[in-house]
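Shared between the two complexes below is subunit A, which has subunit B as its partner in the first and subunit C in the second.
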Partner chain A sequence: MSDQPLNTVGKSELRRDGLSHVTGKTQYIDDIQFPDMLYLKMVRSPLHHARILGIDFSEAEKVPGFVRAFTYKDVPKNLYTILCLIGVGPDEEPVLAEKEVLYKGEQIAAIVAQSEEAAIEAAARVKVDLEELPAVFDVEEALKPGAPILKPWGTNYFVYEGHPFRRVRYGNIEQGFTQADYIVEGCYEPKPIEHAPLETTGCVAKPEANGRITVYTNTQALYFSMDNTALILNVPFNKLHFVGGTVGGGFGGKVDVIVEPIAALAAMHTGHPVKYLYTREEEFHVSSTRVAYRIYFKDGVSKDGHIVARQVTSYADSGAYNRHTPYAVTKHAANISGPYDIPNVHIDAHCVYTNRVPTSAMRGFGVTSASFATELQMDKIARKVGMDPFEIRLLNAYRNGDMRPYQKVVGDATLVEVIQSAADMAHHPLGERFQAMNSWDRANSPARPEPVSAQKES
Partner chain B sequence: MAKLKGTGISSVNYPTGMNLGGDPTQALIHMTTTGTFVISLASCDLGQGLKTVLAQIGAESLGVPFENVLIDTGDTDTGPHCMGTFASRTTHRAGNAIIMAAQEARKTMLEIAADELEARPEDMETDGQGFVRVKGSPDRKIHLVNLALAGHFKYGKTVAGRGIFFKPNLGIDPETGKMDPDSTEAHACVVAEVEVDTETGEVKVLKLQSVYEIGRQVNPKLVEGQIKGGSVMGLGHALYESTEPYYPSPEHRPGGFFEYILPLAPDVPEMEIRVLEFPSQNGPYGVKGFGEMTANAPIPAIVNAINNALGTEIATHPVTPEVVLKALDAKQSKS
Partner chain C sequence: MASKIVTFTLNGRETEVMVKPLTTLAKALREKLGFTATKCGCYEGNCGSCTVILNGEPVLSCILPVEEVEGQNVLTLEGITPTEGLHPLQQAFHENFAVQCGFCSPGMLMISKALLDKNPHPTKAEIAEALSGNLCRCTGYDPIIAAVQQVAAGSNGNQGGSHE
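Take a look at the complex of A and B:
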């Protein structure tokens, strides 16, 4: 990059696909039609936790237009974990349920038919014989002795390299508490949330004459979805061809790999294009949600408002399966001490399984909950020590050169500047000492760079 | 019973890129004989304007007009690997990959221009208007179309480049949690003003004042759109939205937009936005990822404002009228 003034970066060029979106010209998955296309609908669990005793397709097969039913026996590698591609395991979610269902709405069998109506009708006529089992919905109840155990490894939590939770240890937490004048505790509970994209999750899988399968999909991650699909179908990666790149709203909801493997399997077996597109109700009831958390804070605070110790015990509700939540919990653990410089930090972040629809990635991945909890806790601390909410944040804000609890030196911090600017915008007066602060004011801070606006003015 | 006003703030960070890294993205650039640069990717546009922003970074790093750059993405047969559009990563990752590819393509472009203009490659410069010219002699110049034709038909040269951004995954120490969870950090501070009806429990957000520091803005209008859209999404999270309103009970799950309430036009508050730019150490032109965080920052600011208005300690979201009325009851029974 040169020192020359920028030509295009920094300009509000007109968004290239904007007109197409707002005039309805953009092609989404539901717009894709092929003359011989089949429709896929799921038979789903009506119970939160049950043993599958049998499935009877005989009435479904009588529906005009019925083509085929699929069960787990048809899926070459039925057990998977999306994040196996980055080494997260073990495989624990079935594409189609085998002996047991762990949440209401879980996929048991796929029905493929010549029309959407026939697929819905046939799926409704499938009789699944279920024996209801006790279910658990509360993250702390799930960890108590006597709770129904959901995982083959004998616990209801994800194991982090031998530990029952993700740990962050920095400084000396007990010593930190002895230095505190106040102990401020809190419990924060953000609830699960739906991504609510305009375009529901879906794909069309089309067999080609050359033996490959083209999958038109609204995934947020083409290779990620394709690689997982190839592993589940046990086919070479290059047998698949994924086409997409224009997504009608994602927010993290379209990085689970749920629709593509089963649609591609059905296309391979029937020789027809197969569409599997969630209804709005499926999007709400069976697609992953934002992770719900229960987060306990115990902070040691000095009279002058410095946070000297922070102990957090956090429970993430993964729902019935991993999806992306074990990874989100690590990111949560990295961020739950907030953008503040705290010398003693002790984090236990649990990833817990319950009989709930799986939770997964959503905009803010592990950090939305962290920001919610830390910022409510900051106000609680401010009230306890009698400080202004802007000033207590400025006092504790991390600076460039500080060490984070995960042992990385801060390099691009500007928290002080955004707080000062917001106070200015809101006409909120700050004490002189707080106006004089900046993100490069530690003895070991690097030199303060020039902001872009100053570069433009010069 | 009254309508009470309150103010609340939040100040937050957001990391760019997948936690721990290990999330590469590639870009390939080639110039066609029309004088157009095609940037081949497999990244997905979720509606945030990725195809536009990446074309701007491509044009800037090649030194050519925005109109001369096309983004070709969304096909695994033609686009090189991208980990995916998530983790506020794609402008940072794909942007860096594009700059790397552009440097290679630009080198050949300047060599061809030098041959055509009978000058040395190191004396060539782009004018950003569609010409390559000799430094100090602005009249000695060649248009991109002529340059592309000469490269192909006269010199037998391809103008192309390959780029990748790769931050290795260095893992995590399971005992201490030592890790490298970001490439850079964007920051925000949001001030919320609310009015709470203590009879109905309804909350109205009157104003959101937002300051974001995002390294460098590639496209200020799209930045503004992202902040406004994220603010409204955050408002919905703060006040209305949950798939399980009585969590942890799984009962009463909404199944459509009549039951699952999203913010609508009348709920959109007055918004004031300010963007600061301190270029990051490793982003393309100093960019930081900020897509996700615009929905994070408003939530605690709004809930803090509600608690400020009522003197309550609500610690969940969404703060529905039921949550407000229960918190007021709890406060009353305490006093």
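Take a look at the complex of A and C:
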């Protein structure tokens, strides 16, 4: 450690946006107004799954203040997937629905009007002719033969490098089970959660004299939004100027790119600033939620509390579209074996499409659900073996130098010390040998079974 | 229906605003008068962000037609912010990290001021009860309560817009 005095570490620094917040001077999206601003409201699907036979705008056009309607035909590159920027594909979510809607609340047509009231009225008068189709709401049902197929590639799952699910293979799971004294099974179902930020998702897109569009947005992912918007509008990135950074609560709910592309398109076509801000009802009904999972565990455990084999089959409900869930499932697969050194691991993590509202990022997405399930399972194992729940975790905790199932050597382990501190703070007594453990060696841990073979698969 | 002019006292100043019938106080303040410190998280009276003080009583401005305040006294966050420095509640919110995303803060400050104006030394339970209609999704309720307690502890009983 340096002897240099620390100026900031160990001290509380006041928030740099605090003064602006307590005086109400922070500018959020709904605070932005322009005299010639138009308001955008969506025509949404009232059904979970339907074929679109026709759209009739004739009554909407009669509403005083109506400016124009937009359908998928107006969107230069209507199909996108947010994570195309990191190589995820294929494009599968429409900005505005084309032939089919896959969830209740899906965007079908955008109405732009001179007042918010007129936009609401006009959107309500749009007649959409829909033919209802069978819907599927359960991840395992969606994978069964005969389930309604939602994706043009003919299945209801995301494809990971040619595989129908994200796989992790380490050691030999079957031989691992033969070494076990107990088999402990469990099923865990973390549910979808709405982020419900106090400020709803929204943006204002404003055409500038130089031909650029300025987009004021409360996105959590400014460049992600800008790049996706440019791709969707088929314009060079430098045609767009995104202004953001102030987010009235996000929690992962504002990393999707939903409002900006269509608002920017409407601004380009009308020549006016356009505001598209979710109502509270929309925020609850149509914004992405946290991913729901169904997670099956089968663990092989020895009498002394070592986990010798862990097999997990997990189904993530992506809802109708990708959003950030294919990526979440990869993180989920990497973390579902927990921060534990398990010699034989077999993970199948499915990213499944259903007719539910799309799911996406939320606070540690993919990992939080994995930790929830893993730690409930650890408690279950502790009860089965008759061990203290702190001590069974200390026994199995990974140490520096251990190999993770996804073939990465642990170099920054602190789990043993964290559990010891937690036990101390909770006044939970630990056995002497558990107090003496550390993350750097296994001196106080009994020998553990080695992986059955160093088999390595992709 | 024809628009009408509503006259009321806003932060100590006589104010006129021309509105369509049933325009809410929040919309009139924010969109007609440019007083945007008052926030709207739901526009349906559920989240408390739009809380302002009407004749000393906290009200949800997003569901109150502005015609209802004709001739009356409305106080918003702009009205308690001194020309220099901060109101003791603003100072305490800032110092206690009672603001995170900041969106609920104006409502939290106004409901807290309404409480302290009536009850300068509330118990923690009374503070929690007063704030119970105001949502903070960043879930920073403890620092908010601590900030109000700090002001109450140092309070001389006069929170009427002055600062020390």
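By definition in this document, the second predicted complex is superposed on the first by the 434 of 458 C-alpha atoms of A that agree within 3 Å, B and C clash if a C-alpha of one lies under 4 Å from a C-alpha of the other, contacts with A are read in each partner's own complex, and residues count from 1 in each chain.
As a working rule, a residue touches a chain if its C-beta (ideal position, glycine included) is under 8 Å from a C-beta of that chain, and two chains touch if they have at least 3 such contacts.
Owing to the predicted nature of the structure, the values given are computational and were not obtained by experimental measurement.
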Touched partner set for A:P46, first subunit B, second subunit C, both or neither: neither
Which superposed partner A:V247 touches (first subunit B, second subunit C, both, neither): both
Which superposed partner A:K25 touches (first subunit B, second subunit C, both, neither): second
Touching partner for A:Q33 - first (subunit B), second (subunit C), both, neither: second
Partner chain in contact with A:T200 - subunit B first, subunit C second, else both or neither: second
Partner chain(s) touched by A:D17 [first = subunit B, second = subunit C, both, neither]: both
Which of subunit B and subunit C A:G65 touches, first, second, both or neither: neither
Partner chain(s) touched by A:P164 [first = subunit B, second = subunit C, both, neither]: neither
Contacts of A:M226 with subunit B and subunit C, given as first, second, both or neither: first
Touched subunit A residues, subunit B compared with subunit C: B
Subunit C-contacting residues of subunit A that also contact subunit B: 12, 14-15, 17-18, 21, 196, 247-251, 280
Subunit A residues touching subunit B - in the complex, by the definition given at the top: 1, 6-18, 21, 48, 86, 104, 137-139, 160-163, 166-170, 186-194, 196, 219-224, 226, 240-252, 255, 280-281, 284-285, 289, 292, 317, 327, 330-331, 333-335, 338-339, 347, 354-357, 361, 363-368, 371-372, 374-376, 378-380, 389-390, 393, 397, 405-408, 410-415, 417-419, 421-422, 425-426, 428, 449, 451-453
Touching residues on subunit B, where the partner in the complex is subunit A: 7-15, 19-20, 22, 42-47, 49, 51-52, 55-57, 59-61, 63, 65-66, 71, 73-77, 79, 81-87, 99, 128, 169, 172, 174-182, 184-185, 187-191, 209-213, 215-222, 233, 237, 241-245, 247-250, 253-257, 260, 262, 272, 274, 276-281, 285-286, 288, 291-293, 295-297, 299-301, 303-304, 307-308, 313, 315-318
Interfacial residue positions of subunit A with respect to subunit C in the complex: 12, 14-15, 17-28, 30-31, 33, 195-200, 247-251, 279-280
Subunit C to subunit A touching residues, read off their complex: 30-31, 36-44, 46-47, 49, 76-78, 81, 86, 90-91, 93-95, 97, 99, 101-106, 109, 135-138
